[in-house]
């Protein structure tokens, strides 16, 4: 049977498996390799070059060496505010997002009535157009007339000040980010479909309790998704942009507490026309993200379980 | 004669109560899940409900204090007005064209690349994988201008090409995502197919893709929504109103000093509905997956 | 192939049309002739000129009509096409324009917030149109000074002003009557403003304000407005240095700090938060909903009032100052049209530009939209003063200021917003400290950019 198959594919038969795999690997990856060459290499190298120049986005860049980097580190208090806010957001929102998305997915995977409706509802906020969503949120969180504080008002209290005071603003943004977690929930749901029923059955035979089944059957199978979620949310959180931008217009109000790294970078580039400085910020962010991600990749061998049989 | 049914009965009895107890347990568990899901569902519904409510409000009730949930009168005319105020159906067609073509391209290209990274043991794949993830780490803000220059040189500006074609060459995020799912499919399945004489393309098409339906559906939903809602891409690359998308059109309800909030919200509801429908349809794949992946290597 | 032939056809059609016009009128009629005579003659028969603009509603409709008029009337055979560009956040960050100019595909005509013109000119995003303006006989004294100053940079003309706006105190007469105040006696001094505000304010059980007398940080009440009301200055006319820390500006901000504390910082913030993201634009404005009895705002509210609240009685008076009415608190903004850098045929584009921003275009545009013209002769039209409320804003024109026309207008705007709405009311910095910091930062930027040279 094997020899017959090999003789049908003469090219495959003559090649060593290693060579054949390399060729196949490159062939399957070729769209992406071509795409990188066409749409990625030039913009990336260009932005790296800009980071060492004074460049307003249009006129010819002027080489300034490390000046942009030095300025960021030594002479820019906004930069450090943005760094702090961004790290705060990442540190608080990522664990919460993973726990919440996973928990919701588990509940939405339970065979209950109205499963489809529930799933749709949890997905809804991610579908609302940003302009409308920003407006709705702004309205809902308005300290006096907003619907969230309405119950407080009813009992004669003011309620939290949400986005208007430094004590609450960072937490409020974490809350808003968790609100649009629907996509991540879908991801875990897709991952949960991979849990083979026979593993649960086997666990049942062993008399395992639900918690035990969760820890030793469900979690390991979902670790590839957790890994994906963790890595992409580190990248996403460090580039957190859309929500604070549409909610505050990028003012950083109050007390610079909503000024995030990407917002400040965007303002530098497209509002103050310091594209060189913005590029330097981008590359600093790139290096930091890469380091964090590589650490996660390193540890993944210890906790990510691929049922395909390979180590991550 | 009499003893037999008795023994039969006595042996059935405990089993029945066992089933009953199991059913009761199951019912309680379901009830608990409902109890946890319902209040949270209300919270997650709030933005959409408020949008729906506002879409039916006359001009001035938006910020009323105390808040108005059920507008009086219900301004149904916001809906017909919204679709005539801008070229709604033209924008809808453009948005659909871009979203559908980009999604098809992403599904094909990303699954091919992910297959290479997850299923073919070739020497450079780990490096390419990390490299792929790394491309996500450079924020879009600083590559916007050079990327525009690339498309400008290609003569693609002011057409759908920059919004569709790149997606046929793969997206790092979805390559990463599909790779994760492809990795969980037992290698023995591929080995068995290889022994049967299948080439990689056939294994990809006949073995891997059917087993990764849930993941592919996820990518389809994510990419479709991303293109459906994309604002910056159409803003930068399109300068002909006949090519505009809904995400640009929605800004036409705003003006220098004001906005048609009711119309904007009505249009937002209309824009959201097609994706809700898509989601409904694709949900089935999230249930089917179970039966298919019941094979354990 | 198909496209090519169509363009070819259009060019042919344009050429013949142009030729026909030339043949039909051997002696060009006065108004649009100068453009053709000036240095580089427009050579663009059949050219399609895209006019990029974020205008919607009335403004867009009016502009499209003006463009139609131009397309029929112009003698160089150019066709202008209105292209709506979705509005990004505010008027200052513009990735659309920047990418288009960088990619070498700029539009011939671009609608720009006028106070950003010096900045865009400094960066080299806009074309110098001085020669074309001179050739067309455009002179600075045709336009109001404040508008012309914003459209020029280092002696060059980079845009032509279109419309403008002024600022004053709006008040709701019905709420005045309701609390027993004389609806014909609005506040004239800042002390009166404080007393009247207290009388108009309504709080609920939690102590939160449900009706504001005025929110002194809302709408058009900016650092500039209060500074001008206290006769402060923001730029030294001699040295051109920024002078936010002018003693009168400091006094104005000290007043603001006290005033905001009286009203309650939390409540002032709450309203600003509700209105961030444009939520209070149009019908949801706290002033139109009756949740604010007074507001510092502009002339555009006249048109809004007719639309949203035609049956409620409102009054408009100059802003109150420390020792009496302060008409000089008003500052004028507005928009303009310009030609982005990289569009080669500046002469042809200018022909259309001058039609839009010259007397012809301005008259129609400002009448249709009920904005204020920047061409003096058009502003004299009694039409603009017929409405008694609009007349108040027209009267403010001669005394209105403009923001310092410097190449860092956007950054300066951000800094003043932060100082005015955040640092000063929240006590993060003393008024003097906050204002001095602005001066230091901007003057340093100006120095580095060689602005004082």
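Chains here go by letter, A, B and C, matching the order in which they are written, and residues are numbered from 1 within each.
Just so it is clear, a residue touches a chain if its C-beta (ideal position, glycine included) is under 8 Å from a C-beta of that chain, and two chains touch if they have at least 3 such contacts.
Since the model is a prediction, treat every value here as computed from it, not as a measurement.
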| item | value |
| --- | --- |
| Arrangement of touching chains [line / ring / star / complete / other] | complete |
| Relative to chain A, chain with the most remote C-alpha centre | C |
| Two chains sharing the most C-beta contacts | A-B |
| Between chain C and chain B, distance of the C-alpha-averaged centres to the nearest whole Å | 42 |
| Euclidean distance of C-alpha centroids - chain A vs chain B, Å | 15 |
| Of all residues in chain C, the ones touching two or more other chains | 95, 98, 102, 210, 274, 278-279, 291 |
| Sites on chain A at which at least two other chains make contact | 57, 135, 139, 144-146, 266, 270 |
| Chain B, residues touching no fewer than two other chains | 62-65, 145, 149, 231, 251, 254, 261 |
| Chain C residues touching chain B - in the complex, by the definition given at the top | 50, 52, 54-59, 83-88, 95-96, 98-100, 102-105, 107, 210, 274, 278-284, 286, 288-289, 291, 300-301, 304, 308 |
| Chain A - residues contacting chain B, complex | 1-2, 4-6, 8-9, 12, 18, 21-22, 24-29, 31-32, 34-36, 38-40, 42-44, 46-47, 50, 57, 104, 107-108, 110, 112-113, 116, 118-133, 135-137, 139-140, 144-147, 150, 179, 182-183, 186-187, 189-191, 193-199, 221, 224-225, 227-228, 231-232, 235, 239, 241, 262, 265-266, 269-270, 275, 278-279, 281-283, 285-286, 289-290, 293-294, 297, 306-310, 312 |
| Residues of chain A touching chain C in the complex | 56-59, 134-135, 138-139, 141-146, 152-153, 156-159, 161-165, 245-255, 266-267, 270-273 |
| Parts of chain B lying in touch with chain C, wherever the complex brings them together | 59-60, 62-65, 144-145, 148-149, 151-152, 157-158, 231-232, 235-236, 239-241, 244, 248, 251-261 |
| Parts of chain C lying in touch with chain A, wherever the complex brings them together | 89-90, 92-95, 98, 101-102, 119, 123-125, 204-210, 266-267, 269-274, 276-279, 291, 341, 408, 410-411, 414, 417-418, 421-422, 426, 428 |
